[in-house]
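Both complexes below contain chain A, partnered by chain B and then by chain C.
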Partner chain A sequence: MIREGSIRLPFAYAAGKSGSTYLRALQEEQRILGSRCSACDRILAPARSFCPTCGDAELQTVEIGPGGVLLAWTERPDKGILGLVKLDSADTAIVHRILGSSDVLSTGMRVQARFGDASDENPEDSLLGFAPEVADS
Partner chain B sequence: MRRAAIIGTGQTHHASKRDDVSQPELVREASARALLDAGIDAAAINAVVISSMELFEGRALPELWLGEAAYAAGKPCMKVATGGTSGTSACIAGYHQVASGMFDLVLVVGYEKHSEGNTQAGMAIVDPYWDRAVASGALGNFALSISQYMADTGVTEEQAARVAVKARRNAARNPYAHLQMADITVEKVLESRMLAHPIHMLDMCPQSDGACAIVIAAEKTANKFCDRPAWIEGAATRHQQPYIGDIERRLTTMETLRSAAKEVYAKAGISDPRRDLDVAEIYEPVTYAELAWYEALGFCGQGDAGRLIEEGVTEMDGELPVNPSGGVLSSNPVGASGVIRVAEAASQVLGRAGEHQVDGATTALATGYGVYAWADALVLRAMS
Partner chain C sequence: MTSASTPVAIAGWGQTGPLAEDLRSIPEMVLDAVQATLRNAAMGYEDIDAVVTASVDVFDGMTASNIAVTEVVGAVMKPETRIAADGLCAAIHAACQIRAGAYDTVLVVAHAKPSMSDFYELTKWALDPIFLQSLGIDFLTFAGLQAAAMAAEDKDAVERWAGLAACRLADASGDGKSPGSTEILQSALVTTPLREKMCAPLADGACACVLRRGDDSSPGRKEIRLSGLGHDLAANFIGDRELTESAGLERAAARAYADAGIKQPEDEIDVAEPSVAFAHEEELFVQSAGISDNTIISPHGGLFAGNVPIVAGLSRLTAAAEYLRRNNDLRAVAHGSWGPAGQGQAMVVLENAIP
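Moving on to the complex of A and B:
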C-alpha cells in the first residue's frame, strides 16, 4: 500500500547584514557589491560578512562590475543558459543567467550586467543576468 | 587511537523504486545482511551511525524513527548528513567511535528512498537569494565546471563516455546494482539525451532506492570474528562549502580530495597510488568527475585522465580497477552511496566481492564527494 500526498512548506529567510546591503544596492542603485578581505586582499563576490578562508579578518564593501568575463557556460532546456561570470575587479566568480542566444557565446568573452525592476519580495531579480558586451563601432 | 577494521558488509538490491518495502524495512534489509556477513548478533552492537539526506525522501528525523530498524533501540545512535559524502562521513564517524576506544562494535547504515520524496524539491530548500534560482540541483554546476575541465585538459566527450561504459558493464556483474547494461557502448552514451551541455543522460548517475551497512570492530573483536579483516589504515574528511563561484576551476583543482588523499596515502604508506592500490571505489556522480578524480587521486598526471581510461588502466582487467561495483553511475541512493563505496572496497579486501572480485585485492581506496567540494577518503588493507 502506498499513500501519496504533499505538504506546503512556507519559509522566511533573513538575507542578513551583508546580504541586505548587497540586495539594497542592487535594487535601489543598480550597483553590484563585493567585499575586499583585509587579510588575503581578495575581492569576494557577492558581498559577504566573513572571508571563507581568513577567519575574522575585516572586510570592506566595494563596488564590482557591472562588466565582466564569461568563464564558462552551459545550456539547459528547462532553465536556459547558466554562466560563471568574473566581474571586473572581483577575484571570485558568480553563477547567473546569461541572456540572449547561446550561438554567440564563447568562453573568455566580455559580458555586461542587465538590470530590471524587481519586487520587494524578490530583490535579487533586479539583476536580470548578463549579456554579451556590444562592441563600440 | 586503537586499530579498527570492517568485518562485514550488507546492501540491498538498488532500484529506481523499492515499493515492496517501507523505509525501515529497507534499512533492516541492509543491516541484517551486514550482521550476517560479520557473523555477529545484533545485541553485540554498541552504537549505530545512520546516514541519509532526509529531505530526499520527504521524511524528517530518520535517526529517530529508523533507529530500531538499524538495531539501535536503547543504544547511542546519531545521523550524519553531508550531501553525497554523508555515507563516507558516517563510516569515518563510526571509525572514530571505535578507534577512540569509545565502542567495540559499531554499525553504520546509509539509505535513501528517492522514490518516496522529491529530491529536486529537497535540493531547492537552499538560500533563495543566491542559490535557488540559478544553482539548485547538481546538473548546472557540474556542466559549468566540466566545460572548464575540458578546456584545461583536452578531455573529450568520447573519453567521458568510456567511463559510463565501464561503470554499467561492471554493474552487470554486480547483482545489487541498479543500472546493469552489459550492451552499453560509447555511441549509445553520446546519442543519449543532452541534459546540460556537455552532460548526456548516460553520463549522469541515477536516483536509486537502496541501503548499505558495514560493521566496524576494534582490533581484538575484529580478529575474533574475522580471519581477514579490512583494516582502516587511514580516513580523512575535508569540508569546503563556499559560494559556487569561489572555487573557479572546481573539477580541475579539487583541493579537498587532493588533501584528503594525501593524508590517507601518508598514513597507509602509499607513495605511488596506481602501483600501491589494488582497487578503488570512488564517488563519481558524473563521468567527467571520475576522470578529474583520477588526477586528484594521483592515478595519473594532470591532464592524463583521458588517456588512462583509453588505455584501460582502470578496467576490471587493468592495472588499477576503479569501481568494479559499477559505482555511483550505476547505483545512487545518496545517503547510502558513500557507505556503498566503503562496503565495496571492504568486500574486495575481505575477498567477498563475488563476480566483481579483483583477484588478490589487499589494499583498497574508497572516496566520497558531496555538494560542491566536500571530500572523504579511506584506505583499507588486509594483512597478508
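Moving on to the complex of A and C:
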C-alpha cells in the first residue's frame, strides 16, 4: 500500500547583509552588485558576505554588468533557458534565465540584463534575465 | 587524513535494487541489503562495533532519515553516524574511524528511493535560497549547463557521449544489447545537449558493506583493502567553478592516490567504477582522475544499470570489490559524486592484498 503525503511549509530565508544589499540594488536601482576581494584580487558575482577562497569578510561592494558574456546555456522543454553569464568587471559567473529563443544563442555572445518591476516579497524578480545584446545600428 | 598505518579491509557487501520502483518501505529495503551484507561477511549484528549511514532527509520526505533505519542497520545502542552525502563518503568516514583506532568493524549503509517523489524537483532545495531557488533550477539544469560548457568548443562531444552511453547501456543490459548512438541522439530531450538515454535512469535501492581492521596476523590470507581515501568539496556557487573540468575530483583523486602510494594512475589502476549519472561525466572522470585506456571502466555499465542517488558511490565501491574478488587484478578505484554539477567528489582505491 502507498500513503500519499506532501510537505508544504513556508520558510523565511534571511538574505543576510550582502544578499539584502544585492536585492535592494536590483529592485530599487536596477543595478547588479558583486563583491571585490582585495586579498584574491578578484570580483565575485553575485555579492557575497565573504570570499569563498580566502574567507576574507571585508569585501567591497561594486557594480557589475549589466552586460556580459554567455558562457553556457541549457534549454529544458518545460522550464525555458538557463545560462551561465560572466558579467562585465566580474571574475566569476552567475546563473540566470536567458530570454528569447535558443535559435539565436551561441556561447561567447554578448548579453544584457533585462529588468522589470517586482514585489517586495520577491525582489529577485526585478532581474528578469539576460537577452542577446542588440548591436547599435 | 588519518594515518594509513592501520589497514582497512572490506569484509562483505550486499544490496537491494536498483529497481525503477521498489514498493517496499525504506526500512524493508535497507534490511534486505544489510542482511545480504552480513551473510556475505559471515557476520552478525553482534560483530559490528559502529554504523555509518548515508541518506538525505529531503529525498526521504522526513527529517532524520537515518532514524527510520536505525533498527534495521543494527544501530540501536551502538554508535551511529549519518552522512548527508554520497555513500562513498560514509565509507571513507567509516574507514577513518578504523584507521583512528576507534572501532574494529563498521557497517556502512546507504539508501534512497527517488520514486517516492519528483527527485529533481527536490534537488532545488539543495540550492541557495536567495539567488537560485526562485529561478526553478535543479541538479538536472546544472548537468545540462556543464554538458553545454563542455560541448561549446568540442563539436564532436555530444556524439561521443551518445557512443559512451550506448556502451554503458549495453554493459548494463547483461545481454550486450542497447540502443545505438543514433537512437540515443534521437531520444527525448532532457536539457540541451543531454538526451534521455545519455542520463543514467533513476532507481530505488540500498547498499551496504562491512569494513574491518585489516588482518596482518594471517599471512597468505587474501583480503581486499581500502588503501587510498580522498574527498573534496568544490565551490558552492557554480559560477565560481570552471565547469569543463572537475578540480574537486582532481583533488580527491590526488589525495586517494597519495594515500595509496600510487604515482602513475594511468598505469596502476586495473578497473575503475566511476559514478557517471550523465554520459559527459565519464569524460570528466577520465580526465580528472588521470585514467588511461589501460583501465577497464564500468565493466557492468556502472550507474546506467540504475542510478540510486546517495547509494551510487557506495555501490561503485562494492562493484569494484566484487570485481577484485572475482579477478586477480591488483587495484581498482571507486568514485562518488554528489551535489550540483558534482560539487562533492570522493575517491577510494581498493587493492587485492595478501598480507
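Convention: the second predicted complex is superposed on the first by the 136 of 137 C-alpha atoms of A that agree within 3 Å, B and C clash if a C-alpha of one lies under 4 Å from a C-alpha of the other, contacts with A are read in each partner's own complex, and residues count from 1 in each chain.
The criterion applied here is as follows: contacts are C-beta pairs under 8 Å (C-beta built on N, C-alpha and C of every residue); 3 or more make two chains touch, one makes a residue touch a chain.
In this text, all values refer to a predicted model and were calculated from it rather than measured experimentally.
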item: Which of chain B and chain C A:Q60 touches, first, second, both or neither; value: neither
item: Which superposed partner A:G19 touches (first chain B, second chain C, both, neither); value: both
item: Contacts of A:S49 with chain B and chain C, given as first, second, both or neither; value: neither
item: Chain B versus chain C as contact partner of A:A93, first or second or both or neither; value: both
item: Chain B versus chain C as contact partner of A:L9, first or second or both or neither; value: first
item: Chain B versus chain C as contact partner of A:S101, first or second or both or neither; value: neither
item: Common interface residues of chain A - those touching chain B in one complex and chain C in the other; value: 2, 7, 11, 13, 15, 19, 23, 44-46, 52, 71-76, 79, 82-84, 86, 92-97, 107, 124
item: Complex interface listing, chain C residues touching chain A; value: 23, 61, 129-132, 134-137, 140-141, 144-149, 152-153, 189-194, 235-240, 243
item: Residues on chain A engaged by chain B in the complex (per definition of touch); value: 2, 7, 9, 11, 13, 15, 19, 23, 44-46, 48, 52, 71-76, 79, 82-86, 92-97, 107, 123-124
item: Touching residues (chain side chain A, partner chain C) in the complex; value: 2, 5, 7, 11, 13, 15-16, 19, 22-23, 44-46, 52-53, 71-77, 79, 82-84, 86, 92-97, 102, 107-108, 122, 124-125
item: Chain A contact footprint on chain B (complex, rising order); value: 19, 58, 125, 127-130, 133-135, 139-141, 143-145, 147-148, 151, 195-197, 242-246, 248
